[in-house]
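Common to both upcoming complexes is chain A, partnered first by chain B, then by chain C.
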Partner chain A sequence: MSAPSLGTVWRASLRRELTLIWRSPADIVQPLFFFVVVVSLFPLALSPKPALLALVAPGAVWVAALLAVMLSLDGLFRRDQESGALDLLLTAPVVSVVPVAAKLLAHWLLTGLPLALIAPLLGYMLQLPVAVLDTLMVSVLLGTPTLTVVGAIGAALTVGLNRGGILLAVLVLPLYVPVLVFGAGVVRTALDGLPTGGLLAVLGAILALAVSLGPVAVALGLRISAGD
Partner chain B sequence: MWKTIKRWYHQLGSPRYFYRFCEAVLPWLVPVSLALLAVGLVWGLVYAPVERYQGDSYRIIYIHVPASSGALMGYIAMGVAGLVALVWRMKMAEVMLKALAPFGAVLAAVSLLTGALWGKPTWGTYWQWDARMTSMLILLFLYLGIMALQNAIRDPRQAARAAALLAVVGVINVVIVKYSVEWLNTLHQGATLKVVGESSIDASMKWPLLISMAGLWLLYAANVLMRARTEVLSRERRSGWVRRLVRGGEA
Partner chain C sequence: MDAPRLTVRQLGCERDHRMLFEYLDFSARNGEIWQVTGANGAGKTTLLRILVGLHGFYQGRVEWSAPLSPSLLYLGHQPGVREELTARENLEYSRALSGQTGDPDAALAALDLYGFEDVPAGRLSAGQQRRIALARLWLDGKDVWILDEPFTAIDQHGVAALDQRLRQAAEQGVLVIYTSHHRVGDGVQRLHLGEDIEVAR
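For the complex of A and B:
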């Protein structure tokens, strides 16, 4: 049997992943719901004073988005591992990076992207000025793919372990620090009325690094977890 | 030169040779490191001159700087070992990776602790989200993450390879973290905190620092070799040379 072309593999994998997520809407809705709930805890815990909320809003929205992505990643490979699809993927006569990348893209399209789309609304609820809401959305848009890719490395390494959830957090959260710093920093810079182009470019650079090298690391992590 | 390195690489790649290497090196490495550390610390803590602005409190530098640099070097070494383990599947690199983590984590913790103690008299606070402090805290988290991952996976080879991947990703991350927190810090607080630069330190204070640094690094190396030796024996427990060793023979 000759190996299919990479384009075919890419299209088929992407269609499979999107269909799988699409057919279990809970996977799309729950991270969003989590995001909204966590953000709405902040006014209750701190105080509803608009001036204070606007000050903590960039950090609050970003921490909530980061946790939502991380928690959604815990099950990223688990179902495939339980059904055996993961072993097939790793033994298939194609470079495993391609289906893995398709999986990451599908995951981001149906979790990271919705988070970015809803982020301005939450920012508005936390009394952020309307003028910075677009910066907030762009920063989440640029940051969440990195969170998905980096978190997927942790998810790949912990896929077969019982206490995956908390271990995943311990592994992945320190790796999320740069995205958090620059992501929330961009919004704060916009709040101060300073130009944000440079910081958005840094977020983009981190994204480029994560997208180019990340899928290889994720595929390697899956191989290691499979006992290779 | 290249040939020597290559031969050395292959020799140390053999568990048995590595064990013999440890046996040969450790008996003098431990005393030498302890002696250097003792000389450096006594010289620095007792005989080095008092600093003009900070008084005696600066003396914690003789523990703080060696610990910080050791923690950083240890993590970079883990990244290198991780890369070697992943690319060439060298077993001894996996062993070294595992052996490097615990002492490095301790050094990171010591660095944070001594930094806090130093910060109180000089900056008036135990903790500040300064760039260096934050990077060291993240470094400690990364060390703990690697140890947690290794503990969670039962199969030693799989655990080592998983930790190797995490260490490589972590090294890239540490670099970005360093720049990100530096940016964060300089934007908001400005350069209120200044650490004495290498070039601006007087020779009478520098030499004890360099000596205690060398001592602590060698102690780290000795600790790594001891841990690696134990790990080698445990991994190779079914092989002939370990069995002979246990019966009292030569390795």
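For the complex of A and C:
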């Protein structure tokens, strides 16, 4: 009988996922708002001294970005599961990796990418030298897709549970540590005036691993959650 | 006679330390309509989820004579309709995902959703949302239909149209398996889940 081509499924899924997020703007605004608010609280809580702020800035921006991504992922599959659309996806005659990857890409484009775009502004606010801001943006740009994909694995495994939020954090935070260490590390290295190419390459390698294997793990996780 | 499309042997399923059903034996052919009945909690939905491969914890065997997923049209307990999307967007997505063919607008019109194509599904009633999902039955390209409670929230007129559609599809060689509490019509095979499993022709 009829099975669709992967290209058709990819295009239809991407269009659907982008439309879905676009029509619930709260899902786009909330992580961005969280990111900006958390980072802007640091100068108020510590002290406005430029030297001190520049010292904590890489860590502050990165921790806030990490938590913003994680918070955005809790509901990633929930409404699809409650509405039954997830069963549709899992029984479709295409490997579920394709629609899952489209969902992750759409989610990152409308939640992760804005974080990377606004990160230099927040870094500037925390008195980071202008020369370092591009490194900050690139590090967040390379790091957030990994955070999205890895977090989605946790979201897929906890989608059937009622209050999966805490469990998601417990599952996912340990896996976020390498990204956090290298991401904040790159910016600190740039602050010290040292070359950052090596550390950025490590972030890129982690990203390549996450993007290539992550969607498969997410699809398997969804199947496990549906089987119960 | 054709070989059965679906053969179920000694199927049993346990849920929360309770046997939902066991020693279930039946085989179904293309062109047949099967109605699964049983009290609430008898395991109707679970049986359908086992048949489509969503639920993996069972004993016994479920065999499809040909790979199921290219032929399968599955409507679950929830209609699979997202409220943020319009009727047409919902249907076009499920059509693309399952590889069905046919005109989505004509399918929606067949279910009295003409004029509602561009309304977000969240603004429609429960019955109309159900109809968006059911519109897939008016698209082509699938010959095993597994439907969980297709008649729920559908009005009398709609039930008659749906019943007619199921029969028409069966005549064209579609195997239809659905759960429902509605009366059993003529020419429908019945599978009753409960204390004693009953397979009636």
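In this section, the second predicted complex is superposed on the first by the 226 of 228 C-alpha atoms of A that agree within 3 Å, B and C clash if a C-alpha of one lies under 4 Å from a C-alpha of the other, contacts with A are read in each partner's own complex, and residues count from 1 in each chain.
We adopt the following convention: contacts are C-beta pairs under 8 Å (C-beta built on N, C-alpha and C of every residue); 3 or more make two chains touch, one makes a residue touch a chain.
Everything quoted here is computed from the prediction, not taken from an experiment.
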Quiz item: Which partner does A:V56 contact after superposing on A: first (chain B), second (chain C), both, neither?
Solution: neither
Exercise. Applying the touch criterion given at the start, work out whether A:V97 contacts chain B, chain C, both or neither, answering first, second, both or neither.
Key: neither
Quiz item: Taking the superposition as given, does A:G227 touch the first partner, chain B, the second, chain C, both, or neither?
Solution: both
Practice problem: Would you sort A:T8 into first (chain B), second (chain C), both or neither based on which partner it touches? | Solution: second
Quiz item: A:R16 contacts which: chain B (first), chain C (second), both, neither?
Solution: second
Quiz item: Of the two partner chains, chain B (first) and chain C (second), which one does A:I153 touch, if any: first, second, both, or neither?
Solution: first
Practice problem: Quick one: classify A:G84 as touching chain B (first), chain C (second), both or neither. | Solution: second
Exercise. Return the residues of chain A at which the contacts from chain B and from chain C coincide.
Key: 227
Practice problem: Can you check the complex and tell me which residues of chain A touch chain B? | Solution: 150, 153-154, 157-158, 161, 163, 167, 170-171, 173-175, 177-178, 181-182, 185, 189, 206, 209, 217, 220-221, 224-225, 227
Quiz prompt | Interface residues, chain A side, partner chain C - complex | solution = 1-4, 8-9, 11-13, 16, 19-20, 23-24, 79-80, 82-85, 87-94, 99, 226-228
Quiz prompt | In the complex with chain A, residue positions of chain C that touch it | solution = 52-57, 69-72, 74, 76-85, 89, 92-94, 96-101, 120, 141-143
Self-check item: chain A contact footprint on chain B (complex, rising order)
Solution: 86, 138, 141-142, 144-145, 148-149, 152-153, 155, 158, 161-162, 165-166, 168-170, 172-173, 176-177, 179-181, 183-184, 187
